[in-house]
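Structures incoming, each one as C-alpha cells.
Next, two complexes with chain A in common: one pairs it with chain B, the other with chain C.
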Partner chain A sequence: MKTREPATNAWRRASSLPFQKLDEEILVVDPRTRSVHLLNPSATRIWELLQTPASEARLLVSLCAEFDAPVEAIRADLVRSLGELEEKGLIGRDEVPRGGEGPADAAPERRGPA
Partner chain B sequence: MIPREARCGDDELVGIDSGAKLVQSVQTWAHDRLVPLNASLEVTLACNIRCIHCYNFDRDAPRPGARAAHTPSGSELRVPPAPGGGCGTVGVAGAADGAPAAKPELTTEELLDVIDQLRQAGCLFLSLTGGEVLSHPGLFRLLDRAREAHMAVQLLTNGTLLRPGMAGRLATYENLLGVSVSLYGATPEIHDAVTQVHGSFRRTWAGIERLRAVGVVVRLKFVVMQPNAHETDAMIAAAGARGLAYTLDFTVTARHDGTAGSLTARITAAQREQLCRGPLRPLLPRGPRPAPPAQDFACNCARGNCAISATGDVYPCVSVPWAAGNLRDQSFAEIWRTSPVFARIRGLRLEDFGKCAPCPHRAYCSHDRGAAFTATGDYTGADPFVCAGAELTHRLAVESPRGTSEPADGPGT
Partner chain C sequence: MHEPGSAQTELLLSMGGVVGHFGLDGAPGPFVAQLMERYGPYAIPVAPWVQRTFSVRVSFAAASPMTDPRVRAGEVAARPLRVEETDARVKINRWDFSVALDSVARPRAVEGASEGAGDGSRFVGGGTCQMNPFAFDSLLRVLWATFLPRAGGALFHACAFRIDERGVIFPGESGAGKSTLARKLPEPERILTDELVAVSRGPIGQWRISGTPFWGEFQRGGGSLRSWPLAGVAFLEQSSALDARAIAPAEAAFRLLACLLCFRADADTAARNLAIAVDVCKEVPCLVLRSRRESPIEAIEGALEAHLDLAPSGPGRGIAPGQPQPADRGSGSRRRPRLSTRPSAREMISEFRWFLKARGRYAFTPRGSSMKPWLRDGDSLFVESTDASRIVPGDIVLYWTPGRRPEDDRLTCHRMVARRQIQRGPSRGPRIYVKGDALSAIERFDDGRESEVLGRVSAVSRDGRAIPVPGRVGNLARLAGSLVATPFLKMVGR
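Moving on, here comes the complex of A and B:
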C-alpha cells in the first residue's frame, strides 16, 4: 500500500486575476481590491513560473537555472518576492503531497548562466 | 515610461480605486508602443430600450443595415412599435421587409475568436458593450473566455436585464472590474422619456441595487441632454446618496448610421451655461491653463484603444465609426498593423487639426474625435458643439481663478 508523503506548500496565483506583460514587468489587476500592481522583474519571473502551482524549492530550481548568481542570493530574492506577492494577495499557498511536483522538488544545483 | 498623459476618456476604467497614476502610465506605455491595451467589443446591436440619443442607429426607423445574429432573450420590456415600422420589442437591426441584404452580427463563436485575437495583441482591459450587452445569449461564454485569457472586463449596460440570478453570476467573475450603468434622469418620467420604455427607470435601479447587493462595483453614466438637464443635480445627488461613482457627459453625437436625429437631444447653450455655473461648477477647472504640448494632442485612438463593432468592423475607438477593416476579411493583428486608416490617425500631428491647432480654448477642450468625425466626416475636423463647450469652460475658468470660493451648489435650472 502506498503511503502519503508529508505535505509541502505549493504557491499558486490568486485565481483568474487579469494581467499583462509590459516589457520586463507585469501589471496585475485585482478587481477584488480595486487595485493594480506593477511587478518588478524578479516578481514578474516568479509570476510567470507560477503559471502552474509550484513549491518554493521548485521555483528556486527554475530561477537558479536562469540566473547566474549565488543560490543563497536567489533564494533570498525569491523569499522576499513571494512574501510581497502574498502580502498583496496575488498569490497563495496550497498544500500538496510532497513529490507531487516531480523531480524538480529536489535541492537545486548550481548551473551555468542562462 | 514617459510620464505624460495619453488623453482619452474611452480608456476610463470602472472599479480601480488605487493606482490611478500607475494605470495612466501604463496607458501611456500602450499609446507609445501601439499596444491595444483597451478594447470595446460591441457584442450586439440589439437593445431592449430605444434611447432617443442612441449613437448606433435610429431605433425609431426601419433600418436596412445590420441584422442581429440573435434575438435578445429574457427581455420583459415591451416597446410599442414605432410609427412607420419601428424596431418593436428588440429595437434593433430588424431590417424592414425588402431591405437590402443585411450584414449579420458576429456570432458567439466569432466573438470568442475576437477576444482571443485581442488578447494576443495585448488587450488587457475589455469593455463589453452593445446595444444591450446583457441581452446577448452568449454573454457568459464571452466572460468565461475573457477570464481564461486573464483580461479585465467591464460591462456597459442599461441595467434593466439584471435579474437576481444574473447579478449573482456576474459577481463570480474575479476579473470583472465593474459595471457601468447608464442613467438618463432622476425620475421615472424623465428617464423613461429618454429610453422610450415605460418602467425602464425602475428596472435600471433594481438592477443597480442587485449588483451592489452582490458586491459588484457600479458606476453610473449620466448623459445630460435637453430632456434631463434640469435633473442633473438630482442625478448627482442620487449617486452620492448611494456612494456610487459616476461620470457625467454632455456628448450626444450623430449616429453611426449617418442620421442626425439624436442631435435634437443635445442640451442648449443656455442649459449648458446654467449647469456649468450651477451644480457642475465644482467639477470644472479654475484659473488659466497652459496649452498642452503639441505631442499630447494625439489621443489614444488606434494607439492604446480600439473598438470592434457588432458586425466586425474595427474602429480606432468606440466613438469613431471609421472602419479600418473587418474581422471577417482580415485578422485583428493585420488590421492593427497595416490598416491605412490607423496609419493615417497615428501619423497625425497637431498642425493637421486645422481648427484645433490655433484654437485659444484647446487647453479646456475634450478634443472629442467621435463628435468631430460624426459631425463632419473628418477625423481632424471640429464639432461646433464641442468647441462651444471649450469656450465656455475657458471663460468660466478665467472668471473664477483658483482660490476663489466655490459657488453654492444648487440646481442649474
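Moving on, here comes the complex of A and C:
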C-alpha cells in the first residue's frame, strides 16, 4: 500500500511564466517584473521537476535517484536553489492536502509556450 | 477641410518588411518636409496597390508650449505610454500621441480612420499626434516594435553594420559603446544603425537585418531599406583589451532579450519575444566582443571573422543586366564577394536611390527592348540624380514603380513626353507622361504617389565609349521621332 506524506507546503512554478530550454539551461521570462532569468543546470532540473507541484522531500527523492552524490549535499543544493527561485518570484509554495501532490517521476516539460 | 497653409500628404515606410502607411493630416508643409527628409530613405512611392501591414491616418495638433517643466512632468506622468494589443486591435496611447488600429476583418467605424481594406492593409486606423518630430518618431518606434514581432521579427537596441555582404548586430544597452563602434567605420554606407536594428526572417527563412531611421541622439542616419543576411550577434562589453569569445545560445538569448524593444508586459508577448530571441541565438553564431574605446575597426573585424562565417555560403550571382552598379569604382571601393541570397527588387532599388543621391551619378544596365533603337543590347547608361521638378520632355528618365509585393517593384527607363501639374486632390503634384521609344502607348504616373523619378540619363556607354545624351533640342527631336508611331487619339485619351 502506497504511503502518503502528511499535509505540507508544495513548491510550484509561478503561473504563466514563459520559458524555453536551451541545452542544459532554461530561460524564464517574468513579464510582471520585465526580467529574464537564466537557470543553471541544477535549477533547470528542479524547474523541470516542478512541472507538477512537489514538496521538498519529493524533490529530494527524485534528485537523489538521478545524481550520484551524498544526500546532504543534494539537499543543501536543493534548499539553496529553491530559495533563490523563490526569491526571484519564479516559484511559490502552496499548501497541499494529503495525497494531493503530483507524482515525483512526472515527465519533465521540454519546451515552454512559443 | 484643411486650414490654409496646411498640407495633407502621405508617407509609406518600410522597415524590416513591415510596411506602414501614414496619412498626415493638418501638418504644415515645412513639418511634412522635415518628416520626409528624416524618413525618406525608408519611404517607397505611396502607390495604393502596395501591400501594407497597417495604415493609419494621423491628425497633427500643435504642440502645447511647455513653460513649466513641472507641468510637463505631470502631463507625462498622467499619461505614460500604454500599448494594448489583441489579434484584432492595437491601441497606443501616450501623452503626446494616440492611435488605434483594427484588423480589416473588423474595420474601425470611426471618423478619421484611414483608407479601407481596399488598400491591402491588414490593420487600419487613425489617431492624433502632437506636431513634434520627437513625438512622431516615438510613435513610429512603438508601431514597429508592435507590428514587427507579429511578423516574427523584432527591433533590438543594437548597432549594426555589414562586413562585405553579411550583417552583424552589436546589442547593448545605453553606454555599451554602440554609437562609438558605429563611428569607427570609415564607410558610412556599411552602417545600418547605431541604435535600433530591425531583425526579421527573409523569404527563405534566413534571419536578415536592416537599418532604421532610429539613431542615437535623434541623429539622421541610414540610407536605404536594404536588408542583409545576419552573420552573427556580438554583445558589446568595454574592456582593457580586445577579445571575442563565443557564447552558448542560452546566454546569448538571455542577453538579447534585454535588448529587445517591447512596450508590453504580458505573458503572451513575453513568450513571443522569448521565442524570437531563442530562435535567433540558436540559428546564428553569438559571441561577446570586448574592446577598448580606442580599438581600431580593422582589429575588431579581425576578431569577429575568427568566429563568424562571413563568406558567402550559397550560389552567388554576378551583377545582372538591369541591376544598378556603381559608376565610379575608384580606389576607395572594396571588392565585394558575390551575394549568397538575393534581396528583393524593392530593397535593391531603394539602395540604388541612396547611392544615386549620395554620389550624384550612377551606372545602370537596362534590360528589355522598349527603348530600341535608341538603346542597343549591351549599352549601359550613366544616370544623374534628379527629381520630377527638373526633368523636361525628351529626357530619358529612370523611375521606380513599386509592386504589390517587394519582389514586384521595377525600375523603368523611358523617355519623358509631357508633364501636368495636378493642383488638388490626393494626386496633387506633378503627373509625368513617359513612353518607350519602341512602344506606341504613353504611360503616366503621379510622381511620389505611383512612381518616383530617380534620375535622368546623361550618357550612354557603348563599345567602350561614353556617348553624351544630346541636349534639349536633340532630345526633343528624338521625342518627336518616337511619337510619330503614337496614335494621336491615344495621347489625347491619356
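Basically, the second predicted complex is superposed on the first by the 92 of 114 C-alpha atoms of A that agree within 3 Å, B and C clash if a C-alpha of one lies under 4 Å from a C-alpha of the other, contacts with A are read in each partner's own complex, and residues count from 1 in each chain.
The rule is short, and it goes like this: a contact is a pair of C-beta atoms (placed from the backbone, for glycine too) under 8 Å apart; a residue touches a chain by one contact, two chains touch by 3 or more.
No experiment lies behind these values; they were computed from the predicted model shown.
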After the match on chain A, would you call chain B and chain C a fit or a clash?
-> clash
Is A:G83 touching the first partner chain B, the second partner chain C, both, or neither of them?
-> neither
Partner chain in contact with A:L27 - chain B first, chain C second, else both or neither | both
Touching A:P70 in the superposition: chain B (first), chain C (second), both, neither?
-> neither
Touched partner set for A:L38, first chain B, second chain C, both or neither | both
Candidates 96-104, 114-122, 276-284 or 402-410 checked on chain B; the stretch that hits chain C is 276-284
Which residues of chain A are in contact with chain B in one complex and with chain C in the other?
-> 16-20, 22-23, 27, 29, 31-32, 34, 36, 38
Can you check the complex and tell me which residues of chain C touch chain A?
-> 248-251, 253-254, 257-258, 265-267, 269-275, 278, 281-282
Which residues of chain A touch chain C in the complex?
-> 16-20, 22-23, 25-27, 29-32, 34, 36, 38, 112-114
Would you tell me which residues of chain B are touching chain A in their complex?
-> 15-19, 22-23, 26, 29, 37, 122, 124, 147-148, 150-153, 173-178, 217
Chain A residues touching chain B in their complex are 14-20, 22-23, 27, 29, 31-38
